[in-house]
Amino acid sequence: MSETPKDAGNTRVLLELDDVDMFFGGVQAVRNMSFTIMEGELAGIIGPNGAGKTTIFNVITSVYSPSSGSIWFREQDITLLRAYQVNRLGIARTFQNLRLFGRLSVLENVMTATQNRYRYSFRESLRGYLSPCYRPDPKFYYGFVESLLHLGRWSGTERQIRTLSMELLDRVGLADRANQAAGTLPYGMQRRLEIARALALDPKLLLLDEPAAGMNPEEVRALNDLITGIHREFRLTTLVIEHHMDLIMEICPHIVCMNFGAKIAEGSPEEIQNDPGVLSAYLGVEEAAG
Amino acid sequence: MGIEVQFSTLFQQIINGLSLGSVYALIAVGYSLVYSILSFSNFAHGGFLVVGGYICYGLLAGFSVNILFTVPSFWWFSGFSVDFLLPVPSVNIWLAGAGALAGAGLIAILTERFAYKPIRERTSITLYLLIASMGISIVIENIFVIIVGGRFRALPPNTFPSKLFTLIGGVTVNASDILSLVFAVFFLGGLQLFLNRTRWGLAIRAAACDLRTAGLMGVNVSQLIAIVFFVAGLLAAVGGIFLSARYTLYPQLGGTITTKAFVAAVIGGLGSLPGAVVGSLALGLAEMLTAGFISSQMRDLVVFSMLVIMLLVKPAGFFGRQISDKI
Amino acid sequence: MKKSLAGNAAFIAIGVSLGLIPLSGYEEGIIVLLCINCIAAMGVSLLTGFTGIFTLGHAAYMALGAYTAAIMTVRYGIHWFPAIVAGGFVAAAIAWLIGMPTLRLTGDYYAIASIGLGEAIRLILENWQSFTRGARGFPGIDSYTTRWVAVLFFTALGTGMFNLINSRLGRELKASRDDRIAASLMGFNTPSSRMKALLISAFYCGISGALLGGYMNFIQPSMFDMMKSTELTAVVVFGGLGSMSGTLLGSAIITSAMEYFRDISQYRMLIYGLMLVTIMVVRPEGVLGNREIWSFLPGLTPDRKGRDQE
């Protein structure tokens, strides 16, 4: 077990990776990876390109299942769950190479995520159809017949989803682009839309995969504010991957540093900066790159 | 006694199956070649085969062309009809075959140039190419329905040697079966040499890995694609000639055979040339054994069941590459 | 939400006027055929245009619907209405059986599998002499598909389809079409979304086939061959993938064009083929692209400014 950061003393463990290995053919992308994220933390994973950072996210979100080891989320083993099940437990993520629903509008992109806050229950729908006076639980979705006829709870639920989604778009500053096709947004806005879409799921853990990739310094600063703001405002545990050190050093009190698939250091920004292993493996590369 | 008969049927059907499979292979390889470069199912591929078959037929037997211009009556004339026999000097099968190969290759190039290229240059969505290729296959089929009519035609007798050899155990082998097997091996071997020993072959193999990078490396992509289509059309024509010798020639032949070639290519692994050959032989054998031992009506059902089972068990086929998505 | 009400009203109004305007027998036949084709095309559109599953075998589901309704009405004397609905359900049930293993396939692989399965269903219908009367066809079906019946089914299924794509299922399908992995990481069980789309589309095709049987009074396995499947998909692509109104428009244009060229039946298929190629070369995204027809009307969409700036 790794040492827990000091400022997270009395909170619960949210996510725990226990000795995770991941092989692709003969290549080991992740090696003996273990770390723990406490509830409410803003943590970061750094490491040079190809260090296996995105693979960690893919393993957590069950895009891949790990070759060995286990992953625990809120004291539940999620190692073998399917991707959508992991998501429904409350893990949302963004993607390094943007994966928006390109032909859907910006608003619809967020709505697809918002709608999954609702659950569907056949019994609830049936009771709704059979007795007109029955007022169903608002956390349930309208049923198939209501979708076909646009009657019953359809309009109410749709309006709610739309309002919630618009609020989120407003929060990331994309409200005026709501009706544009997502694929036609400029790059930086697509990144923010991905964050909005992930937030729309109302997650307990937010995974941000290289959110600053391809942004200019000014956009990175705005992004910094957005990430820390969201973290504070929604009390949302956030895990950020970056290969640019600056962003992570600035905003994350808890940092895991990786190289060649393995963890080489963990701790506060100061500890990481003074770690000899990190200096030789990572900072050396950075300095050489300019 | 009964077992002996069974055995000779088995042997007979295996030879028939290999011969049919080799003809399928000529068609499936061309289809797979196009798939490996452009990643779309060229439904017009069977059309090239029909073009080849009809050119060969026409050069051997002379065309009786009937063009009926019936135009809707709201135009200023009501229509007319032309009926003529193209005066064709009787040529031997070698010339007719060469003409068929060149003609089908040319049609393949023209198809690519005028139907696929504009789409290719505009979008990367291969679905549009697929629909266009369906359109082309309908066009080719119906051009032949209009100009030569929909009836079944057989190549003139004695085009191919039809001598029967009797092997041990009373198994008879038709010389034309052997001939088609030999020709298929010859052409497939030629393709193999072309791909492995020539500069264009190297370029084609490179493009099969990554067309765009091959273009960036200085390969003339449109010339390369034209060559690929010419080769595909040529091989389809060889297959077309032997198919029309084995069965008969009719405009819809292409559609039926394209589906078979797809199945063969999928069984072997889409885009893989050795896969296409293996898949075709497997298909030919399965068809002939079903015809010999179960019923000839079940042939196609067996073919499609093989396809579906293969897709379920091993979608990438025997030789296919596993496709993975970068996240 | 008012827009949805207006849309439903408009659709029903179209249905009522199709049912009421006085027409000659010939024109009435075209309307019936149009309704039948549109129902099947809407089904394929949901699967191909909205879920991104490209099919080349949906004529088989029409065949299943047609044979179910024909056998039920002729052999068992059941009323045509439950027979038609049963046709839809039988098609959906077979689609479920077929979809379970095959929907894992993506892209061209599913398309090729659907060719194989479509042809296999047709061959089974052709060879199961005792039940389907084989390749020579099934004659003597009552002409239950009158103009009213066709229009009624078209209006009901059409309204349902437009409402459906404009609700949670529609967004779910479109999301898994645009990016399957992202959709599953947004909490959608994508295999089940794909299955829902397949079942609904098979249901629509089954109903359409059942209506076709009642219109032609005669069905034959060769009516539902790969050519017919191709036509269904081509209509959808022609109208624009991801546009339901485009599908209806495409279906109407192609059905009436085919009808227009009936005099020169020899050239009909040639023209059809040329049309497909030309459309793909000139406007591959289809008549309406992925937008619905009302988004072209001024004033109905809140703002297109963002789109124009790009």
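Letters A, B and C mark the chains as written, and numbering starts fresh at 1 in each.
Definition applied: a residue touches a chain if its C-beta (ideal position, glycine included) is under 8 Å from a C-beta of that chain, and two chains touch if they have at least 3 such contacts.
This one's a predicted model, so the numbers in the text were calculated from it and none came from an experiment.
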Farthest chain from chain B by C-alpha centroid distance is chain A
Argmin over chains of |mean CA - global mean CA| returns C
The distance between the C-alpha centres of chain B and chain C, rounded to whole Å, is 31
Per the C-alpha centroid definition, the whole-Å distance linking chain A and chain C comes out as 39
Averaging C-alpha coordinates per chain, one finds the centres of chain A and chain B separated by a number of Å equal to 50
Chain B touches at least 2 other chains through residues 327
Expected list for chain C, residues touching two or more other chains, is 181
Where chain A touches two or more other chains simultaneously, the residues are 63, 95, 99
The chain A residues in contact with chain C across the complex are 61, 63, 82-84, 87-88, 92-93, 95, 99-104, 106, 108, 111-113, 115-116, 141-142, 144, 146-150, 154-155, 158-159, 176-181, 184-185, 197, 201
Listed in rising order, chain C residues that touch chain A in their complex are 1, 4-5, 8, 160, 163-164, 166-169, 171-172, 174-175, 177-179, 181-190, 242, 290, 301-304, 306-307, 310
In their shared complex, chain C is touched by residues of chain B numbered 39-41, 68, 70-73, 115, 118-119, 122-123, 125-132, 134-139, 141-143, 145-146, 255, 259, 262-263, 266, 270, 297-298, 300-301, 304-305, 307-308, 311-312, 315, 325, 327
Per the touch rule, the chain C residues reaching chain B in their complex are 54, 101-102, 104-105, 108-109, 111-113, 115-117, 119-120, 123-124, 127, 181, 226, 230, 233-234, 237, 241, 261, 263-264, 266-267, 269-270, 272-278, 280-281, 284
